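Okay, got some structures for you below.
Common to both upcoming complexes is subunit A, partnered first by subunit B, then by subunit C.
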Partner chain A sequence: MANISVSIPLTQKSFYDTTSAKANADRINNIIKPKYGKIIDNISKITNVPSELIYSFVFIESRGSETAETPYAVGLLQLSPATASDVLIKEKGLGRLEKEESEMLKKYLGGRYELIANVKPNQKTIGKTFITREDLLKPELNLLIGSILLSQMINEFTEDGKVRLDKIAVIYNTGRFSKVGKEAIAHSGTTDELITKIPQGQADYITKLVGKHSLMEGIV
Partner chain B sequence: MDFAKFKNSKALKIGLAIAIPTVLVGAYFGYKFIKKNYGTPKGKGEVTAESKHQNKIVFTKS
Partner chain C sequence: MTPKTTKGLIIGGLLLATSLVVIYFRKQLKLLSEACYYISGGVVHALGMDNVSITIFLKVTNESDLTIDLSNMMFKVYVNKMYVTKIVKPEKQKILSKADVIIKLDFQFNPQDLLRAGLANIAPILYDKEKLVIDIKGSLSARTGIVTLRDFPIEESITLKEILAPSPDGNKCKKKTA
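Let's look at the complex of A and B:
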């Protein structure tokens, strides 16, 4: 396994000041880690997504609340049932679903796991949302599916040996079919250049994740 | 209406001369519009790794 080094922060722009950055790191270390640390470490091992990245996304998306709900997304990593279903079908179609992941999915989905098991190579969709909002309120399942999504994005957005966490942040936030998501996908410049050409909300997401005083900087 | 007469009429020829290019040009730009706004975005890449464990990310502070 080859190492890919990612230097944090990716930009000197910041969302948080030093006081907030310390409070955020404290919340991750004293509240989120004691509650979900074991699950996150295990999922990080299975999916090969660094735990620091999972903690940071959990913080931004839900501040560590497994019951966090909006009309569109649910749980620790704020996934929608449709996205969660598509992620699993895509992962299975690509032949990337690991044994441990399959076991965990069987545990939570029961008979519905058959829908994933029957996916053919390179199949991307089954045209059906089989993950429910209730499923996504379960921390381990939510973290597993969200981390698989992150792992797909890490693979897709590793460009010239660099993991574009800035692009991943934007696309996780807005989806790849949004105007901003498409802009981020097509972007070939630096993180700072991306920040200047996207709306404030997505620019803030990048600086929260990988800017100066960011969540990643606080826990790496 | 005398269909045979209509078939050879100037009106039909002019109508078709306008309608056919209009439909073709409309279809071309319509296709481009739909592809641009609703098509699957082609990124820098797609998920290509067959395993999640090909690379390990190591974070360092700069």
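Let's look at the complex of A and C:
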């Protein structure tokens, strides 16, 4: 990657007012950081995803609860076992799985790591879900796989040196194969234009993440 | 030479080698922590009443003998002391030993937002380039194979005039302040 950046806010629209923005920052700094700060800093270092972005997604997805579960997703970054499996296969296929990431995965997956180790260049799937819901309840593993997913999205959705965190927010929330996800991927206009085209839930996700008084604006 | 003398020489040699390695890395760590930076220039893409778009070039020099990876870069931008944007760079930039790298900081803002936030009058600062002062405050991590310096502070203040016509004297390398 060469000199890419994101300038925040991406839109002047806001989901949070100043009072709730302060409360959010307090929760991150006083509850989430003391509990997961060391893990997040380390994962940020090895995946190269800014720690602020990881904190923001953790806050939106689970409010910092490692036991958060829905029928579809689990843990701090609310991943599904199928998505988590595909993310790791894709990362290995792209040749981007770093040594420290591999070591961490071996620690949690044991013999299942072989499935990743045997992936061939450019392979995107092995047609098998090998990450379990129990795996994703482990904070470090959940944060590692979620951050790898974010790094893949940063790589994919950087346009003219600008990271489209608005698109990443929508796709993280709905998946790339949903109608809204496809619409976000194809969108070539501004963040404000994207917000007007998509349902309120995803528009809110964008303004929570990168709007005025957003999480990305408020941390640090 | 007796076995005892040989053993003593080996231990002495190992201690000396270890000390030299420690001294070397301490020196490199010091140089790393003193990596310096300055704003080397910039480009103004737009300067209007409803849109200002600027790219600033922040030059960081690595004076150590080790290659450094810069990461976790975050910068807040203030115009005449008023916060306008935050720039996050989700990438790693490598600086080879005794070399430098240019970090591009792109940002834009709507001057009307500054008016709404309490600035009395935007016109004089847009049209008098000496009166438009940009402050960059942020941090980054600098990492070598064995050492990571977290939250390396970056703090620079520059007028629009200086960005557009940097004076050679103004390009003084600024050391870490903390």
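A few comments on the model shown:
Simple rule for what comes next: the second predicted complex is superposed on the first by the 216 of 220 C-alpha atoms of A that agree within 3 Å, B and C clash if a C-alpha of one lies under 4 Å from a C-alpha of the other, contacts with A are read in each partner's own complex, and residues count from 1 in each chain.
FYI, contacts are C-beta pairs under 8 Å (C-beta built on N, C-alpha and C of every residue); 3 or more make two chains touch, one makes a residue touch a chain.
As the structure is a computational prediction, the values presented were derived from the model and not from experiment.
Bringing the complexes onto one copy of subunit A puts subunit B in a clash with subunit C. By the touch criterion stated above, A:45 is placed in contact with subunit C alone, subunit B being left untouched. In the superposed pair of complexes, A:106 makes contact with neither subunit B nor subunit C. In the superposed pair of complexes, A:182 makes contact with subunit B only, with no contact to subunit C.
Applying the stated contact rule after C-alpha superposition, one finds that A:63 touches neither subunit B nor subunit C.
Of the two partner chains placed by the overlay, only subunit B lies in contact with A:94; subunit C stays clear of it. Of the two partners subunit B and subunit C, more residues of subunit A are touched by B.
By the document's definition of touching, of the two partners only subunit C reaches A:162; subunit B does not. Note: residues 1-9, 48-50, 52-53, 151, 154, 163, 216-217, 220 of subunit A belong to the subunit B contact set and to the subunit C contact set alike, using the contact criterion stated above.
Residues 1-9, 47-50, 52-53, 90, 94-96, 98, 151-152, 154-159, 163, 176-177, 181-182, 185-186, 188, 216-217, 220 of subunit A are the ones touching subunit B in the complex. Chain contact summary for the complex, subunit B toward subunit A: residues 41-62. Those residues of subunit A whose C-beta lies close enough to touch subunit C in the complex are 1-9, 12, 41, 44-45, 48-53, 151, 154, 161-163, 216-217, 220. By the touch criterion stated above, subunit C contacts subunit A in their complex at residues 71-74, 85-93, 102-108, 110, 113, 141, 143, 148, 150.
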